[in-house]
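Below you'll find a set of structures to go through.
Note that chain A is present in both complexes that follow, paired respectively with chain B and with chain C.
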Partner chain A sequence: MTTTSPAPEKSPAAAEHPRGRRPPGRRHRQAERLAEAASVGWKLLVVKILILGALNAVAVYAALVLFASDQPLVGGAVVVAGILISWIYFRRGGLPAKYLLPGVAFLLIFQIFMVLYSGYVAFTNYGTGHNSDKDDAVHAIMLQNQERVPDSPTYSLAVAERFGELSFVVTDPAGDVFIGSAEQPLEQVDGAVVDAGRVVDVPGHDVLDFAEVLQRQGEITQLAVPFSEDPNAGMLRTQDAQSAYLYTSRYVYDAEADTMTNSDTGTVYADAGEGAFSSPQGEELMPGWRIHVGLDNFVRAATEPTIRGPLLSVTIWTFAFAFLSVATTFVLGLFLAIVFNDARMRSRKYYRLIMILPYAFPGFLSALVWAGMLNQEFGFVNNVIFGGAQIPWLTDALLAKVSILLVNLWLGFPYMFLVCTGALQAIPDELTEAAQMDGARPFQAFRMIKLPLLLVSLAPLLISAFAFNFNNLTLVYMLTGGGPRDLDAGINVGATDILITLVYKVAFVGADRDYGLASAFAIIIFLLVGTVSVIAFRQTKSLEELN
Partner chain B sequence: MSIDTDSAPRPLRTGRPIRVWMRQTGWRHLVGAVIVVFSIFPLVYVFSASLNPGGTLITANSLFRNMSLDSYVELFDRPQQPYAAWFGNTLFIGLTSSAGSVLLGALAAYAFSRMRFTGRRVGLITLLLVQMFPQLLAMVAIFLLMLSIGEIFPAIGVNSQMGLILVYLGGALGVNTYLMYGFFNTIPQSIDEAARIDGAGHARIFFTIILPLVSPILAVVALLSFIATTNDFVVASVLLIDPDKQTLAVGLYQFISQETSQNWSIFAAGAVLAAIIPVALFLALQKYIIGGLTAGSVK
Partner chain C sequence: MRPNTTRARGAGAALAAGALLLTACGSDDATAEDGGDAEGPEATGNLTVWVDADRADVLQDAAADFTEDTGIDVELVQQDFADVRDQFVSQVPTGEGPDIAVGAHDWLGTLVTNGVVAPIEIGDKAEEFQDVALEAWSYEGNLYGLPYSIENIALLRNAELAPDAPESYAEMVAIGEDAEVDYPYLVGLDPTEADPYHLYPFQMSFDAPVFGTDSEGGYDAADLRIGEEGGVDFAEWLAEQGSEGLLNTNIDGDLARENFVDGNTPFLITGPWNVPAALDADIDLQVDPIPAAGDHAAQPFAGVQGFFLSAQSENVVAATTFLTEYIGSAEIQTALYEVGGRAPALTESFDAALADDEIVAGFGEVGAEAVPMPNIPEMGAVWEFWGTTQAAIIEGDGDPAELWERMADDIAGAID
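== the complex of A and B ==
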């Protein structure tokens, strides 16, 4: 977005101005600038300098940390952003930018960037077992399959800490002192103080005493310090925080050939470009790493039968659910609006007050409460209303869908009632009266005259209600959890799952998380909702033209 | 519709015959009675369940037969489900992000309403378009990004309430700016000009003149975004991991999904307490909210 200072000389800008302020001349502007400079109080200035100073301090800190942790690209972006912010707020003019920047900055990072990042993730195999890069995967595989080297020497051990990070300080049998941490392979240190064969002081580190060791026992027994840069050289580990032993992995990594060899069985696992080491028999070593898979996720969604089938039925149900939700709530809301839109009726205010309660009640609670009421064995609906019948409201595929629509009707009709009442009152009664004079019956008059007018004014709201219900995760997830589950599907999916709950379940529920596939689904949803909305908006435009 | 004349109140004062009254407004009251029962029943049920001491789902069905406040007491006495912490977190996150949203939205709306600059139209249209991709859809990306931010800056990464608030502020423009923009336009520009002639700068005009004048819409936007954030389950459940840091939506869902029918009355007590603030705010401000609703926001 460009944000230059006002350019009132240009006629389009001036014409756009709703209140017809005459474009100020040069002297006028000069005067304005003088007045503005004079009117900025020193308090405001101090606040401004303090805020910007704090922001810049944070930016400098963030940039330093980012550069230190090998993120030069992001660090550079932070530096550029810091300079840009200071420039925008310290220069004269460019007033709109000063007001727009805070909101736009958040929008850019947490919404627009997120959308782009979703797109990026959809083209990777990011997920359980593919979380990190290849070096980490090699490291993790070797770490998981360690065995103590028989007859390896004993290293006398002390545990040291710096900035919360633990290190091993070991004395080898020859008496040399080495230090290393999970990230930093062993290296020799000078200047360590050794007492009775154990290190008691290392420059720059705090050596933990007995109590501290006990406190952090879990961390210490988890720690594995690489012996050298070569991952095959093994790691030092300890059981008792007193002595460390050399452990090596069953897997040997050959950096030249880029293969992992199981030293017990001799099987060679090679990188076949699938984001994991795999044996000639197709067996994969986990964890793997993140790679770009191109359109794989989309292709999987479209062709793999165990995904395609459920995905298709979920898509159909999503459309049905969104459409029926809007239709049922709209019909009931409109009906009630007509019923209560009669000046002769008393106490309308109280009816309205009670009717909006379901809307005021937090949505997630409604879904949970209804889930309890519709419980097959103990719920109020079966136990009291249906006299002990065990109707599987939430566990039968068809009834679960009916239940969701019913609960959504409860949740959504007050909104439709309110907006319909508003829209009805905006339509002059004379129209109906005129039609009735011409001999139309009341319902005819309503259907032919008021309803089209109502639809025109409510169409945008109906479309956004459709889009909202299309993504109404809270209701579906909390009421049925998407169930009853379809056991034949290759993914965790059930009869009432809509697309967005599918995304949630694929990405965050259960042991197997597939962020890549979930993002691909999200992109598909976006395209679907976007297309439907655009078509619907076009349609309503043509409706408007008709009238 | 069949009509039972005995059950309908007799319209004594109007002097209309019952038949006419029934045809004109009586049946409307019948519809009203049905819909009132439909609307209020689940709320009555949950309130009754919350008063049932040590109640499960099945005992909750006997409405108002046993009454005590035991469940409310027990609610605050469960270390595994720190309800008080959830409540406080929800309030903190809701208030902070709604205050932030109002500020960011008002700043932008002021610019769009009072200033003319290149890119203004494009900016307004972009805001509309960006909303077509709800934050919900980007939940995977949000989680992954916050995960990697958390590795370097734990204070704003995954499992940080600050991080969650930042994510919510990402949606601060959008609907809010539209609602506010419309309202800002109704404040005559001559007021700004008069103040400018008196020597007030733009910041002073914005904070001391415009903001008080537009306070009704600020209240509506604050309330709508408070309700939206306190109702959010998805982003909160993805980002907040420790039970102590979670919100009511996440905590109560996990509570009920773990022990569905055992602690029903405790859950009901939690639900009643959680609903009090939003419902009270809603009823108090309904006049304004209904105006805001018709301008295009959905629950």
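== the complex of A and C ==
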């Protein structure tokens, strides 16, 4: 990844070629172009035109729809991108762009977009209760706070229409028929034809049949018919167009003032810019909506004592866990690689096969199996190896950390064993021989000659192993779930929680989710891993000078 | 120089083209949504229902009937039950969510707080359902879903080892000890989290519910009752059972089931999900109420599954009709019971199921007396502290009363 592409170096070499010195003439260029066109073949050209045509058609359609639905920014982007694609593939030359385009497109969609989006979420209050936009929140509050008037009867309902305006025609339990619309409170009508409790005909109105009701169901379920001239008497509403009920609404939304008023208590809830309607006493109405909160989530992570304390201890353990995991697996893997690389060892093939086995099992499954084996009373480890001693492997804070490291050693050493074996075999035996001729003892030869050479090729792998273990959610979650819980901490955090499990718990565990805070944590993790990797890569560069 | 500029230009173009693909994806969503808006009034309607694999076949029949009667197509989308809540919460605001989805009642707090679920009014039909089912699906006085099944734990008894049902906890332990097997009784626990759900009947028998109820019968987050005197009594009882070895956090649910199936214990406190294993092992199985350890009844939690309506549904009339008339019909409720093996929520089907199968009857009778699991979002804060504290008490890590009171304080702190 660090090596530079050879392309720029090639061109000066090409320029030194005798024929390359003379600038190509016009005829020459023309001939080249013809040759290129001929080599493509007309069938390919047709396919190319068809595919690009289809793509452009989609782009034009998408752009039209977008402009029509008032999204000029996205629509404009579609137009620009469509033009760019056509330009890249229709013009001559620019071969790299033609190959780069699909790759870069997927990179943008599956990587960059995800990264940017979670980065964006870190600056919002997205989470439980702040899930959508303000219109939805207002809609939901109104919907959730309509209350059926206690003990009010069920009105059998028909929907009638006159001049496009909808009315409710209801029959009360006594059999009297009433009619009313959004503007006209309920009043009794005579002369209605009632069949099986439901009105089928009303003078001067058309009664809708079920198909017509379904066509206009949006309007019907929105319709609220005042029960009487007194607005506090409530509204008749329906949800299924068969029965209507008398509702009162607990909250009244004032669009002008942008406030919600509780009609029982008179409390006014206003939008204070916190992503929810809140009362002067600071009580919030749920649901709220998503807003940008700037650096709030980062500030919270750094200042709120219930977050800061656990975050600090978890960060320290994360570094310890990642470093120790890499160190232990590397040492064991290297040791075994050296042992099994020795020509005096018999049946090395079979040993190697056995050594690689842990690597062949899915990590999360192994972690689950280990969790069972480390059970205090019935686990294999205590029962068979320690003769029934009840060692609390997973429930004692320190032992749980040790268990995590041991299981990760078991899971991780085969990988290190593999790469060390590969790297060892790439080092010529003559080097060791030469060292021994110079009087070096075997360990000296290993430490001074082989190990530095090994590290040249393995250092990048060790750094990536560090980054991997830094985010090793599977192991921690499956083995201990982050536990044992710290009963003194006010939040859900345990002794073996690493940063990524903390993020997972904040974002996805429990009913109260906080995607904004979790994304802020994710950015912090990214910065930590990135910094460590950059420093480590810088340090290991000095090793490369050995070659 | 030349190759470099070409490369840079190529990359720039590629980036821009990538942006097209990106925006094209975005625009897809937008068109679908807008198209839906525009067509809403003209189309005869099209219901989208999220359902899990087990329920899908039954709903297929209900949907076919509905389409035949009304001309409205019902599109059933299969979802993994466990994913429905999160998917629903994230997709409804984008306009991509379904009209109706299957779910469990204790999701309600989350769904309501996120504003993605709409109340339904079933009117007089409410009388046809089991009380516990309607209570469970009610939140702040509104009904939010149409329940179809009630699930709860009960006491499984191996009648060969214990011919009679125990009247009290002490009697159960005595019978268990007389049976001369490995364990007097078992309940699956976890070493770090214990299992508040399975231990709740005992906690209730000490009169220590988590929350009190408000005037409408719903749970009231402001009235946290878990830390009251009864809770402390329960904590001390837990410590006692732990020290006597009657409760053992090293025996998890799987081990407990295995031991019951192998005849190592006459009693197992569990739900209907472990019944097939016991029947496969030819155990003479009886289902009894859970005996009380304290002075009150040992009421377990009831989990009620049902179907709920999206707050953004464009087809409220059709959706409500489908919910009340079809999913709420005895035929469908019974069919759902037959595939799920859980007591139906509709009283008519419930009675039929009880007469039909004595194991379902056993669970159903316990369930009728059960309390709905709290559906308020504050319950999340309770789970966080509850299990770990129980585990610590059972394992004898400190004074039970102190641990319990600190837990109650932590919960109260987390709720505020």
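One rule holds for everything that comes next: the second predicted complex is superposed on the first by the 340 of 547 C-alpha atoms of A that agree within 3 Å, B and C clash if a C-alpha of one lies under 4 Å from a C-alpha of the other, contacts with A are read in each partner's own complex, and residues count from 1 in each chain.
As a working rule, contacts are C-beta pairs under 8 Å (C-beta built on N, C-alpha and C of every residue); 3 or more make two chains touch, one makes a residue touch a chain.
These numbers come from a predicted model, not from an experiment.
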Partner chain in contact with A:N56 - chain B first, chain C second, else both or neither: neither
Contacts of A:L66 with chain B and chain C, given as first, second, both or neither: both
When both partners are placed on the shared chain, which of chain B and chain C touches more of chain A: B
Partner chain in contact with A:T315 - chain B first, chain C second, else both or neither: neither
Contacts of A:P96 with chain B and chain C, given as first, second, both or neither: both
First, second, both or neither for A:I220, with chain B first and chain C second: second
First (chain B), second (chain C), both or neither touched by A:N375: both
Contacts of A:L107 with chain B and chain C, given as first, second, both or neither: both
First (chain B), second (chain C), both or neither touched by A:T432: neither
Partner chain(s) touched by A:A211 [first = chain B, second = chain C, both, neither]: second
Contact residues common to both interfaces of chain A (with chain B and with chain C): 7-8, 62, 65-66, 69, 71, 96, 100, 103-104, 106-107, 109, 113, 375, 377-378, 481, 508
Partner chain A, residues of chain B touching it in the complex: 24-25, 28-29, 31-32, 35-36, 38-40, 42-43, 45-46, 49, 56-58, 60-61, 103-105, 107-108, 110-111, 115-120, 122-123, 126, 130, 132-145, 151-153, 166-167, 169-174, 177, 185, 188-189, 193, 196, 199-204, 206, 227, 230-231, 233-234, 237-238, 249, 252-253, 256-257, 260-261, 264, 267-268, 271, 274-275, 278-279, 282-283, 286, 290, 293-294, 296, 298-299
Chain B contact footprint on chain A (complex, rising order): 1-8, 13, 16-19, 21, 32, 35-36, 38-41, 44, 62, 65-66, 69, 71, 95-96, 99-100, 102-104, 106-107, 109-115, 117-118, 121, 126, 336, 339-340, 342, 344-346, 351, 353-366, 368-373, 375, 377-380, 383-384, 410-412, 414-415, 418-419, 422-423, 460-461, 464-465, 467-468, 471, 473-474, 477-478, 481, 500, 503-504, 507-508, 515, 518-519, 522, 525-526, 529-530, 533
Residues of chain A touching chain C in the complex: 7-8, 11, 58-59, 62, 65-66, 69, 71, 74-75, 77-78, 80-82, 84-85, 87-88, 93-94, 96-98, 100-101, 103-109, 113, 128-129, 131-133, 136-137, 139-141, 143-144, 146-148, 154, 210-211, 213-221, 238-243, 245, 286-287, 375-378, 392, 394-395, 480-481, 483-485, 487, 490-492, 494, 508, 510-512
Chain A contact footprint on chain C (complex, rising order): 2-4, 6-7, 9-11, 13-28, 30-31, 34, 40-45, 70-72, 86, 89-90, 92-93, 109-110, 112-116, 118-121, 123-124, 140-142, 191-193, 248, 250-252, 255, 311-312, 314-318, 320-321, 324, 377, 379-381, 383-384, 388-389, 391-392, 395, 403, 406, 410, 413-414
